[in-house]
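One chain, chain A, appears in both complexes that follow, with chain B as partner in the first and chain C in the second.
Up next, the complex of A and B:
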């Protein structure tokens, strides 16, 4: 038994299936026979997969992966972007991914798969309006655009309706024009299957988030992030992913019922605000040496539960409340509405915490039975938003211990002092009376 | 009970021998480069000699500082912030916060009532090394530590307050423009204080009225003057300010965290 072990633990049985799906991911999008595009797909489901040979590659995971796997190459990519006039504070995902385009090859030496179209849209957090510009500037390619249906201030349902109409119109226009430009027919049946799968996967995600509120947690956020790109993109076909998430949900439920922990030494539970430094996920394992387990963040878990004013909460269904449950999905427009509606000022959307419900993290801390919070202050990129220090103050007012660290961006190694961050974590744990279990 | 605390910083290694929570011996030696373990031993040996005791009289040796794991003969290690917090409580019963400004690191911590530390802030990587920079610049300007400490005259001109590399370039520009070394040093002291001040100001918890300043820079009167002016507050500075890390580590071992 491991030193300090409190709970029974064992590896997840789903790992093998997850790895198999992940291995097939690149194969499913690669190939010279595919029309590749740049865009953001995962929020709205991977509509491109309903075309016979159109695939969309999101630059976030590509850029983060490069930074994590090959730092010298990622550094060259950033420099390649910088010398073309892209500021270093532009989101690191972009600079790394598109730097590779400028260099002409990917980290493994293969030719960079040039994009044939781009679908940028603005985002409230940072430089998303610049999405895809590197690809557009590089060579003339088709460009469609979309909008981000978020606003601040008092809720205005008419405004939301108008924003959604605008977004739906743009999406329908995009799909229709793609059929003309690329000479491919969108298969509405596949889109329909994906929409169903998308809804059910999200509902299972919500249930898993709920099970993570139990002590000991059956799953850590490190595990959850490993599965992130398996959702909801049906590159393997909707059934495979639905089955995976069902297996994971069932396994997590079983672990809760039988008190099987993700980390057998769990004695300190913490949450984060936003994405971690993707190249440095080892800090999660480092914290586990103290028996400290991260359960997630408003980025990963906020959307999954409904919080009532009286402090109660429930598991959110994807179709509630932003989409009418059981609504008929018979036309392409229905499907597009299904895809886009949850993004309109949805309680599911983690941006809402930033601007409209700034105390959500306090609520999550209570529901997840947490002891502390770790807040990253990013200078750019996703998570580079307002209110982080204020968030720390609110948490402290509720008696939670908070550590703040600074870095460049989640998708970029520049300026994150890994050693200093670990030293800060040591200080945080030690100041709360925890020692590394190996030292006790 | 006799406990030895060793604080291995990036410039100097300090040792303090504590008997029943009173200092009976201390010493400081340069940390050096690759011979850090030997320097730790040297600081310890000199502190023992200073205390008039033998190593066998010491119940345990504990360490802190950037090089705390290079003190091979230490049985316990404490982070710099925790050691600083304990030292502040020792130096000033009723202390509400501590600020430590050394060769490499600047830190602040709001001390708690139910736990030792309520909140802490460490400097960013890009603003590290202010103590080492001031010492280096002083040496380049052929000023002694005492002279550096007295440099609180008018500014020679603009100097970057965010990064010591930029500060050094500005210092050279000022010298090239004909500024006196003392004026350049005064400006550097002020710039360093401005940079360090943010570490205390970044606490979201109130630091309260009794803030203890420790670390080598607490001995730099010009820096302290500029820091107090910048923050609009005064500090309590212990007599053994540069030894407080070592003292705090020893106290952590006795009192716990």
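Up next, the complex of A and C:
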């Protein structure tokens, strides 16, 4: 038994299945998706999957991966973009990915995969709003744009009517024009099938988030970051993802019922707010040496739930009225409405929640029985940093211990002093009365 | 007329205006705010201006924002603008949203409203969204103030603001002359005063000033264009003037973009306002589809016969940081020399002065702009 072990623990049985799915996804798209786009498809349906050979890639994971895998190369990328005029405080995802475009190759020396089109990543973040332009500044390619419609305060459905029309119009225009520009037919039937299964997968994800409120937690945020990238894709075959999520949900439920922990030494639980430094995820393992476990953040899965003050929760539906509730789904226009959802401020991801529900993290701290929060503030990430200081103040007012660390941006390792961060974590834990389990 | 003095006395002006008119003051942050609607409701719309005051408080609230945002938060938290009765944040720069949040979270009694103005300004459906949003804001003003904003009030506001923009444009046109009769610093102060004063009162001042300008002698100086992030004072223009240069045109959010295009009146007043704000020359956040800014910068440079351009970007200004690439590119392609630097709360004066001086000395040779600054020539 490990020193300080409190709970029974064992590896997740779903890991092998998850790895197999990942491999089959890579195999399913390898060599088939001839048309590569920059941006993001809908949060609800990956419409690119319904085209025979179109794939959309966002620069966020690409830039973060480059920075994590090869620091000297990532620095060259940054230099290549900065010397051409890009601001040195621009998001690292951006600067690294598009710097590689200027250099002409990726970290492994292969030619940079030039984009054939750009589609929007509608977001309140200034940096995201400008995302589509880098690829089309570089060479003339097709481009489409959309908006993230936003306001503060209570939901106002009348106010949202024009906003929804605007978003639906632009999404429909995008899909219709893409067929013409690339000569590929969008298979609406595939999207209908995806819409039908969307609700059930989302419900299972939400259920898993709920099981993490129990002590000990059956999963940690590191598990979530691995599983949540597995998105439904018809190119992998029907029901593959549904079956995986069902298996994971059942396993997590079993672990909760039998108090099987993700980390056997769990004695301190903490939350985060935004993406972590992707190249330095080992701080999660480092914190486990104190028996401290990260349950996630509004950025990871935890946004799936709506919590009441009494501890009860309900599932946040992105698609209300859902297909199951009888939403008409017979035309492409219906699919577009399904993707946009009836909420003009959706997807209610972490940034939006901070605008609309500024106390959400406090509520989550209570529901997840957390002891503290670790918040990153990023010099070069406006969307990742906005409102963070106020968030820390609100948590402290509720009596939670909050540690704040500074860096350039989650996908940029230039400014993050890793040694200093670990020392800060030591100080934080020690100030709360915890010692490393090996030292006790 | 000393416009700089008007800007310095803006707080007293607003307080006096309230006492005189019995009205309320609404604060705004970016020039996308449709002032006409506030004016029609009987409000005094004022732009929140940043200072260069040592910041003692904003770090607690805001991290890594551009200095003006932190300074505005500093001033608002210190109660320097306690005569303001409410704020409207128009969708645009996120840092500006941060100061709006800090200001209103710390003073919950204030009127607050988030106006969505599409970032995708060119979509066929954008005008309808903004028209709808203007209607929502109009209702909110009416409920807050207990008034009805009539078509007549809107017509009057549109007329006053159109007249104001026409006067500003007329004065700006004088900067095209070989020997402009107005310096860049004076024009910037004029604009800043315009953004914090009652437009009807400002129009009277501008008409008098226009007459005054006719009698002035112009000055031959190095002609410069100012490009970059929003500005809140005329310190850079003054430094340039001390070195023999003159900003004869700008492409700034709070500069020419503020007044360049008018509202074309139509029966649907809100749609007329919507079309004006979507069709104006755009800030980088709103120029997220087609890149229209670089071409506009080139056209202004040509029209105002500039010798060179100064690009001054606030550090942590993400929108301009992503536009620079294309702005630099077009200036290089069109052989317009430029000097780029980053602004912050303070910049080292000697160093900045030296760089500007060296840049202007290069321009003074005159002929360099005809052959390109990359080419070495003996003068």
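Keep in mind that, in the parts below, the second predicted complex is superposed on the first by the 392 of 440 C-alpha atoms of A that agree within 3 Å, B and C clash if a C-alpha of one lies under 4 Å from a C-alpha of the other, contacts with A are read in each partner's own complex, and residues count from 1 in each chain.
The definition used in the following text is that a residue touches a chain if its C-beta (ideal position, glycine included) is under 8 Å from a C-beta of that chain, and two chains touch if they have at least 3 such contacts.
Not measured: the values here are computed from a predicted model.
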{"item": "Chain A as common anchor, with chain B and chain C clashing or fitting", "value": "fit"}
{"item": "Which superposed partner A:300 touches (first chain B, second chain C, both, neither)", "value": "neither"}
{"item": "Touching partner for A:427 - first (chain B), second (chain C), both, neither", "value": "first"}
{"item": "Larger contact residue set on chain A - chain B or chain C", "value": "C"}
{"item": "Which superposed partner A:389 touches (first chain B, second chain C, both, neither)", "value": "both"}
{"item": "Partner chain(s) touched by A:132 [first = chain B, second = chain C, both, neither]", "value": "second"}
{"item": "Partner chain(s) touched by A:94 [first = chain B, second = chain C, both, neither]", "value": "second"}
{"item": "Chain B versus chain C as contact partner of A:417, first or second or both or neither", "value": "first"}
{"item": "Three-chain overlay, closest Cα atoms of chain B and chain C, distance in Å", "value": "6"}
{"item": "On chain A, the residue positions that both chain B and chain C contact, one per complex", "value": "389, 393"}
{"item": "Chain B-facing residues of chain A, complex", "value": "389, 392-393, 396, 402-404, 406, 415, 417, 420, 423-424, 426-428, 430-433"}
{"item": "Touch list for chain B against partner chain A, complex", "value": "78-82, 85, 109, 115-122, 124-126, 204-205, 256-257"}
{"item": "In the complex, chain A residues that touch chain C", "value": "81, 84-91, 94, 120, 124-127, 129-130, 132-134, 137, 143, 145-153, 156, 159, 161-163, 165-166, 169-170, 355, 377-380, 382-383, 385-390, 393"}
{"item": "Parts of chain C lying in touch with chain A, wherever the complex brings them together", "value": "60-64, 91, 93-95, 97-98, 101-102, 105, 112, 114-116, 118-120, 122-126, 128-129, 131-133, 136, 284-285, 288-289, 291, 313, 315-329, 340"}
